[in-house]
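Here is the structure we will look at.
All chains are identified by letter, namely A, B and C, in their written order; residue positions are counted from 1 within each chain.
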Amino acid sequence: MTTTDVPVSTSVAGDRRAMLMRLAPWAVIIAALFVLPQVLDDFWVSRVTGWIPLAVAALGLNLLTGYNGQISAGHGALFGLGAYAAALTINAREGNFLLGILVAAVVCFFAGIIIGLPALRIKGLYLALVTLSVATLFPDLLKQFESITGGSQGLRITSSQEYRGELQEFLVEWKAPSWSGLTDTQWKFYVLLVVAIVCFLMVRNLVNSRMGRAIVAVRDNEVAAEVNGVAVARVKVITFGLSSALAGVGGALFALKELQLSPNSFVLTISLYFLVAVVIGGPATVLGPAVGAVVYGFFNDVINQEVLPERFKPATPLILGVALILLMLVAPGGIMGLVRQFGAWLSRRRTPPPITRKASS
Amino acid sequence: MIGFQLSEFLQYGVIGVGNGALYAMVGLGLVVIYRSTGLLNFSQGEIAMFSTFVVWQLHDLGFPLPLALIAGMVAGALFGAVVFRVAVQPVGDPHTKPLAVVIVTIGLFLGVNAGAQLIWGTGDRNMPKLFGGGAVQVGDLSIAWQKIGAVAVLAVEVIVLYVVFRRTKLGLAMRAVASNPESSALSGVPVSRILLVGWGLAAALGAVAGTFAAPDRGLNSSLMLLILVYSFAAITLGGFDSLVGAVVGGLVVGVVTEVLPRYVSFLSKMPLAPAFVLILLVLLVKPEGLFGSKQVSRV
Amino acid sequence: MSLLEVKDLSAGYGPVAVLDGLSLTVAEGEAVVILGANGAGKTTTLRAISGMLDAKGSMVFDGQSVLGARPDKLVARGIAHVPQGRGTIVDLTVEENLRIGGYARRDGDVEADIDRWCEVFPRLGQRRTQAAGSMSGGEQQMLAIARAFMSKPKLLLLDEPSLGLAPLVTREVFDRVGELVAETNTAVLLVEQNANLALDFAARGYVLESGRIVGQGTADELKADDSIRRAYLGGDL
């Protein structure tokens, strides 16, 4: 006869309840997002749509910086690369949006692998320096390769249409299929949202997998990870690739949302805002980047556009910068970290500390 | 290289040296901070830009430019010291928590940039030239007094820094703290006050660089954005902890990024590319740079 | 009256408490040793006394409460700490290390004192302008001790001066420090693995276990104590 300590609550029903508790926030968030376009007018739906690419790019950066500990201050360049790759693909392939997203992901994956290789030797602050210079260089690259990217003129996603008997290039338009009963703007929101949700679910599964544990182990202690059989170099390079692929998908979504691109959309600050989104949302949490993107979007599109008078428009980055520093000092876990602390506090208050009983078997 | 003319080449070189002097000035500040706190300060350029606006403001109020510059240096030093004490120091050691430190300097970057826009608007302000608009003619070559002045001021900065670091008690304490903060504290050195002085010194150097940069580039909140990247390239090449390295690196980067794009059409629209390649190659091949100490290779 | 009087001192690293209500005293000019196993909190005790760690409790030095004072202020008051692993400033020259040692002094004799210490330790004198990092372990230990004396301390905290030194060198270091503290009437609080050596050097000792004082006595009493002999003196003397 053996005696083991078993927490009282452990039972099949309890397991199921715990799982429901874990999935509940996801279900609520996804449901809320699907209802959103029904309660907002098209103007606001369009603005909120603009937050989705940022969320996906921040998701990618979080995988690299939050989970794997490699600091990139240059994901805006990969975001831009994805945007241009998608736009060029769609232009060449007569408006195949999905193919554009896939090409962006693949191109950026390999670009990420290429950046990830030197990053094996260049770490921490120095990697931040290198990636920061990539981000600064990127708009110049676009201007240099004008024949492909359109340079400062920019690049439009177009399709050929017959106009007065001639084939001409027209800006692609979003058309909601008639069966959906949605406006074009709503349709666009849903398409981008679905792609984003797929990305978030993929990252959620990744970080809960063996590979995900390896990614975190490398961040916490490379030597210990190596000793425990993690192929540190491979994990780091692949993480860089996956992170970049997500940034590329974010860029592709940006291209699909805007339908025209210019080097001005991919200056250094966009890279910095990705970092802001990751840190404010909560590094190394799945939903953090989405939360961060919403906070950033809220500042940029609501407070800046609607609340602040013209004279005080520059205050937004000032507020974000101060918030960033404060957050780093008092709550390095970001908003998700605070939510977790609050949740833990709640459950401590609601349920008495777990009692163990002697269970005989 | 069709139509290569020596005089033209030299003229580009002169422009490059003038720019390089600016990169070296900012680089000196970056080195001072790296040596004392082991940190790459991504907000250095913005602090310099802010101090430059202070210089402009004082000049605009009627102070003579040299006086305004000195006042701007003092204001910048105070600003840098406050920023360090309030935002940077509480975060902790940059080598164990690089992400936190990067985030804080980026927060500063965004905040200071926006702060300057709030106070002085988004348009360009006109900063007069410290050494006037004239130029010296040497054969076919025209060398602006402003550039000669920049190089001369850079030389003065180097000499002053050398004397401070090698000949004063303060400089000795700064070197001690950079090498071993704990033993320094146990020997009676007030470590955080010394670090504060380092940040102030770096910010003052930035104000000088900004005042030289502003007349040609137009004074606005993005004045130092590119200069900062070139300056980082300079200290990467020279060695993150070497004052001499910052000067040599700054001049090399200044000349290379000015001359190369003139002759290599592939680079014509991206003068930043050589700077970037330099940063990448040096960090990969010789992380301590030309003059840095080996320790820096703990990258 | 004691020079240093520590009562109920608690300190640690972040949430980890290492010292748990520790009390000890050091009289003027007295040499006291703290014995204890690895992890008992010996180094932490010294670090708390020199202000490197936040501590709770009470600490009176030279008649004034010094709890919570910064290390550089304590140096000025007269507490000098030679940390474990020597703690020389390796990028500075020997001479500069000594000058840093006198940083908190306000009198004008610092330069003269540097000359004096270079005479006391001739090997330092020979290497005056050489980087401290280029010297041998024994020489660096001498330098660290000389640097501590440069602040004219009333109390010298010595953390494992024998660490990494050959037995002969260790003996020499202890002999020299013994002469110097006698000469200058400096009190010493010593942490040392080599208990035989330490109890020859010190007049009195404390036994530290899990952050608390569990025994104390004169050096002779401690040497005679069976349990201490078994635990710290390697069985038979």
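By our rule, a contact is a pair of C-beta atoms (placed from the backbone, for glycine too) under 8 Å apart; a residue touches a chain by one contact, two chains touch by 3 or more.
Just so you know, these numbers come straight off a predicted model, no measurement behind them.
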| item | value |
| --- | --- |
| Farthest-lying chain, centroid of Cα atoms versus that of chain C | A |
| Top-ranked pair of chains - ranking by C-beta pairs in contact | A-B |
| Centrality ranking, top chain (CA atoms only) | B |
| Inter-chain centre distance, chain A versus chain C - centres from mean C-alpha coordinates, in Å | 54 |
| Whole-Å gap separating chain A and chain B, where each centre is the average of the chain's CA atoms | 34 |
| Inter-chain centre distance, chain B versus chain C - centres from mean C-alpha coordinates, in Å | 43 |
| Of all residues in chain B, those that touch chain A in their complex | 39-40, 42, 87, 90-91, 94-95, 98-104, 106-115, 117-118, 122, 225-226, 229, 232-233, 236, 266-273, 275-276, 279-280, 283-284, 287, 299 |
| Residues of chain B touching chain C in the complex | 169, 172-173, 175-176, 178-180, 182-191, 293 |
| Complex contacts: residues of chain C adjacent to chain B | 50, 52, 70-72, 75-76, 80-83, 87-92, 96, 99-105, 144, 147-148, 150-151 |
| Chain A residues within the chain B interface of the complex | 65, 69, 71, 73, 118, 121-126, 128-130, 132-134, 136-137, 140-141, 143-144, 146, 268-269, 272, 275-276, 279, 283, 312, 314-318, 320-325, 328-329, 332 |
